[in-house]
């Protein structure tokens, strides 16, 4: 790459750095980017770099595979209802240990190890997530929680002091019961409460495609009002639905843009945020 | 109790409340007070009340019994060397999960449930505890850590914002290895770094006794310089040694006073801090 | 008193200390508590202690007996109209000297002598009280003033700097005439202007009684809207009327509660403010 | 006076206004300027005007004639030792009433009446003057106090809020005894503690004269080190000694300049401070 | 002049100094006061003195004679249309050089040389003046600009830091074209944007006269609503029209008063601002 | 350029952006980059972009060619002594007009036109440059000035408010004489006073070359202590000497690094500051 190309990248990037300076970005971390070591390294490095130049990054994570592994080790059987894990009291306790103890503090340690300064939180800390038992007629999922409200003070306090908050999506109700919460939804609700500039959902797909077999038909930008129609058409379907519902909800509640990006490409966060190219599919208000 | 007695308690207490206002207190929580539910309730209530009137309380905890229970459930054998648990990589991971995931977030939930506002941290958060492998000639304890330095910023940031920081004493080294750390030592080092007004070590004894069989021989105040002599005399012995070494270390490094109190008496923290009576044995500089 | 009782008093008191922290309390000081030395000592000690724990206390005082004594010494005859002292120019000057010079600075000296930090003010300082001649058809009371408005800046400036303002209720009009002002009314008006949390009127009675001969029939709480009815019934009568009118006026103008307490009981201020018991009769809005 | 002359006065005055802006000036008020009404009006007007343009003015006053008058009214005999009034307990109480009650609050009322904003203080307020009984071998003056230290916080707090502090020079010791203090000395000590820019002592003379019968021999400026010699020569003598000793003491302790001015000339304060002419005799360090 | 007269000038001036303290004054400098060296010295001295006592002074200047001289030296012919100079590109460039380079920096140097602290700005600095080409049907004046909006931040930033901003009235449009702007109009627009306390227009006349041949018929104060009538009557005519239109415009947009003063009298600014006399003719809202 | 290359440029640049954030950079602008329009556009764009991401940029400029042109137009003969222009009074005035009026305000207009926010200053503004006549034995250069001291407050005030200060290197002495100052020297002195992070001197060469005919022998980094030796060897010679002396002087006085870069390459400032590559030759302390 010659000097003029380099200069071009920088000339393009600087206005974005200005745009995002002192603004808040929520990254929902998961999928391949959480399992593959090289990808994990690139994500964590991106987050530390963005934080370095004054962008406030919040990392929200789940941890499905590690929960399964632990339940297996402890001989606790997993029961599923409508594809959702039935979470009894014991399982909820295991989920908390794994998410808030192992995964969360592991990510904090990783970020700090490469020069960042993270603090690990869960929904209980600073009364961040107020939850109730998920209600669905005729079904009992056990200790699966729905967020009633978000108190983002603990997160903004961390951001104000320069930390990267890493958030595990478990919470406690007033009686002390532990609940597991869907991480995509939690990331969206947190981003909304923070009036974030951008919610970035890491996925294992290229983005929304007009023709799902042709990556060249990527849809770069979607108005949230068009989502219902795209669901009908089948452009949005299956496992993408909760993520995209999260994006829509976040934008509706005041997040400037929500983007699903391809977590399988190294540094896709940096490209999405600091180049004209963007990545994946962005959701915005009209 | 009549009004004049009540007035007397208040007249006595108000100067202490003034004295501790905006000052930092580190409470090492453990022993019976952690197992017995009534005692636990009284401790947590005391902490929330002290915080309410403007005293900055830091709660440091261990969690021995719950770790054992979990290791048993996971069929991991416990090996002991010189009375200390040999901690292999897998065990260290379990310790982290239990301490930072279960016990820590459980205490945070408890405090928040009775009207407090806590945040749960471990030694990794905000690079709080910098550790290395415990060195002892001829012995390998595995992942048992020694604190090299304390960076208390994450704690003081929480205190500044009005939170009660709850600290689990595990940490990570630069390579990402997880270490278990003695909670008494950690509490002492943290109190020292915070230049705390008071370090309160909860124990299951009345305090230091001249005659160990006669509770009426309680020694209320000890100069740290007298501790070596009291060890020789056998007044300090056995399981008390690490706690009292912690007290001495803390006072030597600038903590105004360190007190071992009887965690078996409900509200012993409140009595110790806000009455002329005091409780247990207090360690100070000459 | 054993430890658990002590702990109970503290557990009860701490939330009140929190509640009143940085809030303003106006105490109208007078009656027996001003004459009896032991009571005086307890009142001043209470005020210094409350100030110590961050409560902003304003002391408003009269000084009837000392004025009489001085007029006698100076051979100035006292003339009364409808039970009110007729105040000529010379008498007004004497009232000022005694209230603002002797009583006020004497109280300031007393408070400072027991470790407080008071400043003595009168209605003239910082243009605090704007007064006019009391108007009543067919009667001329001479230099008896009615408060037209209160400028509380001098008081809040003192409070901001941590002083206990002690206020003598005399004032000057634009022409430089000195006026004597009823201290109960002045205390109420000052409390209202300060939007005080509590106005405490010290009296020489237990409180309002349903049956005035039976102290067990104390009425602990009265809605200000019920006062007219209680006057009709004779529950409120005689010398209590101006004090209770002051309470009602203060509450109507935004003071959270106004309480008449029994100044003959030592430390009744402390008990009223920091225990569940309360003391005397409290006036509030519905 | 034509425009160019007016312009000249202003061109001269503006740099002085700048020089004194936000600086502190202590005026010792007494003598004819306190008795004659026209002079009093001019002094008070000067003080309000100086305060108006951002100069911090502190007024310190005595009140000899009014004390005598009151003692007479109360039939208290005045006893003098070495020309100093012997002050018994009763007399001390009268002095306090007259100075802190009548004179002080009277001046405050006067200043506020012409648009200023004054607060009246005495040495007891905010523990301003710490005094002890005047010691002199073989003589007992009764309750005549000597200043041991000045705590100027109450004054600076008033200045910070824009008030003109008016100070009566009486004080209380730890036992609550009231002491009368020489006002010249008190003004000097207060000016020193405030590190005032200027101490202005109002007198009833033109200033120091080389030939005491010839006003044209006024000495405009004296180095404090020359004072002992001038005393020997008789240029400084009699009633001027305490005033000039006060000036010397103030300058020695850090006051930039101390000036005795002729209080019999209207607006002499304004002329002294804001013109090239100056007035009276100024004392400075070499 | 004797002392009492001096005192009178000061007593009169101090309330004005208070009134203008921290307020903003815009002085339009031009005419004889710019050519005559003694007058120039008096103006600059006045400005430095006013600034010294905390008044924020903005100096706006033109520079007609020096522009003519330079154009002549460079052999550029001056063409006039309706009495206004036709400004071609080359002329505009010369105007910029002379005003922003020579006159502006010359004044800055002069002010700084007598102890002030000035900064020289033109309409381009900090995007202060947004201009467009002056539109008039059937006429093309070339690069003569009309102010569309004023961004006074560069000026207020200078004032905040204590500088005297000196403003040359040239500006640039988005395409980089340089425009000459009428200095009277610019001063008025800047004063309006700054919500100045006073706009002072220096002229070469005594002020508005009822009878233009009789200086004793000076009109000291004019309501802006009376200006149209005075134009009809011929009291306002000729070269005064743009100045007075500027005054009216400024007052209409929120400037408290606008005054045309006689720049031929030394220190007329000081007299106008700090004496009861005033000078020239003042324009105000009813 | 593919995504991974782009990501690489960004990953490299972000730490530099962090490094320079809120730091001050002085750019000496001149040579080809001032004459060629494309280069000028790239320089101005770089400066606006750097400012955009929070780097404080100061632009110092000369203007030789435009001065010559103006002198020619005005028929003023240029006289040279030892290669330096002899500057008489008239020439000095022309230099001021051209530099401070034409070039300076032209650059300010250019920067503001592309979205920046610049303010144009010269050495007279805010008493920035204190100069005296250049002294050299046996030679008189006329009004050529040497900097005696730099008062950078006007510059830091501009930087604090977010402006890009553009500085013309002319100044005035106490007598009001105008002096021309070498721009390289002025840039170095200003950078030193500002304790700048970096001084960038734009030149028309690649940098220092070991073999002046072989661009591949570029010396990327020089310790300032090696400069005398390099002069002896002829590596540093001719027109580069004043620039490199400026670099050495700046580094000696505390500038972290001084760099001569090739102004003929577009965006060389951006490449130098935000990539690992650097550009030209950098001077540092050992």
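Here the chain labels run A, B, C, D, E and F in written order, and each chain numbers its own residues starting at 1.
The rule we apply is simple: a contact is a pair of C-beta atoms (placed from the backbone, for glycine too) under 8 Å apart; a residue touches a chain by one contact, two chains touch by 3 or more.
In this text the structure is predicted, and so the values were computed from the model without any measurement.
Centroid distances built from C-alpha atoms place B farthest away from subunit E. For chain pairs E-F and D-E, the one joined by more C-beta pairs in contact is E-F. With centres computed as the average of Cα coordinates, no chain lies farther from subunit F than C.
Each chain gets a centre from the mean of its Cα atoms; for subunit A and subunit F, those two points are 47 Å apart. A straight line joining the Cα centres of subunit D and subunit F is 60 Å long. Subunit B has no residue in contact with two or more other chains.
The touch graph of the protein chains shown is a ring with every node of degree two. Beginning the circuit at subunit D and passing next to subunit E, one meets the chains as D, E, F, A, B, C, using touch as defined. Taken in their complex, subunit E has these residues touching subunit D: 1, 3-7, 9-11, 13-15, 17-18, 21, 45, 49-50, 52-54, 265-267, 270-271, 274-275, 277.
Chain contact summary for the complex, subunit F toward subunit E: residues 70, 73-74, 93, 96-102, 104-106, 108-110, 112-113, 117-122, 124-127, 153-154, 157-158, 161, 163, 170, 172, 174-176, 178.
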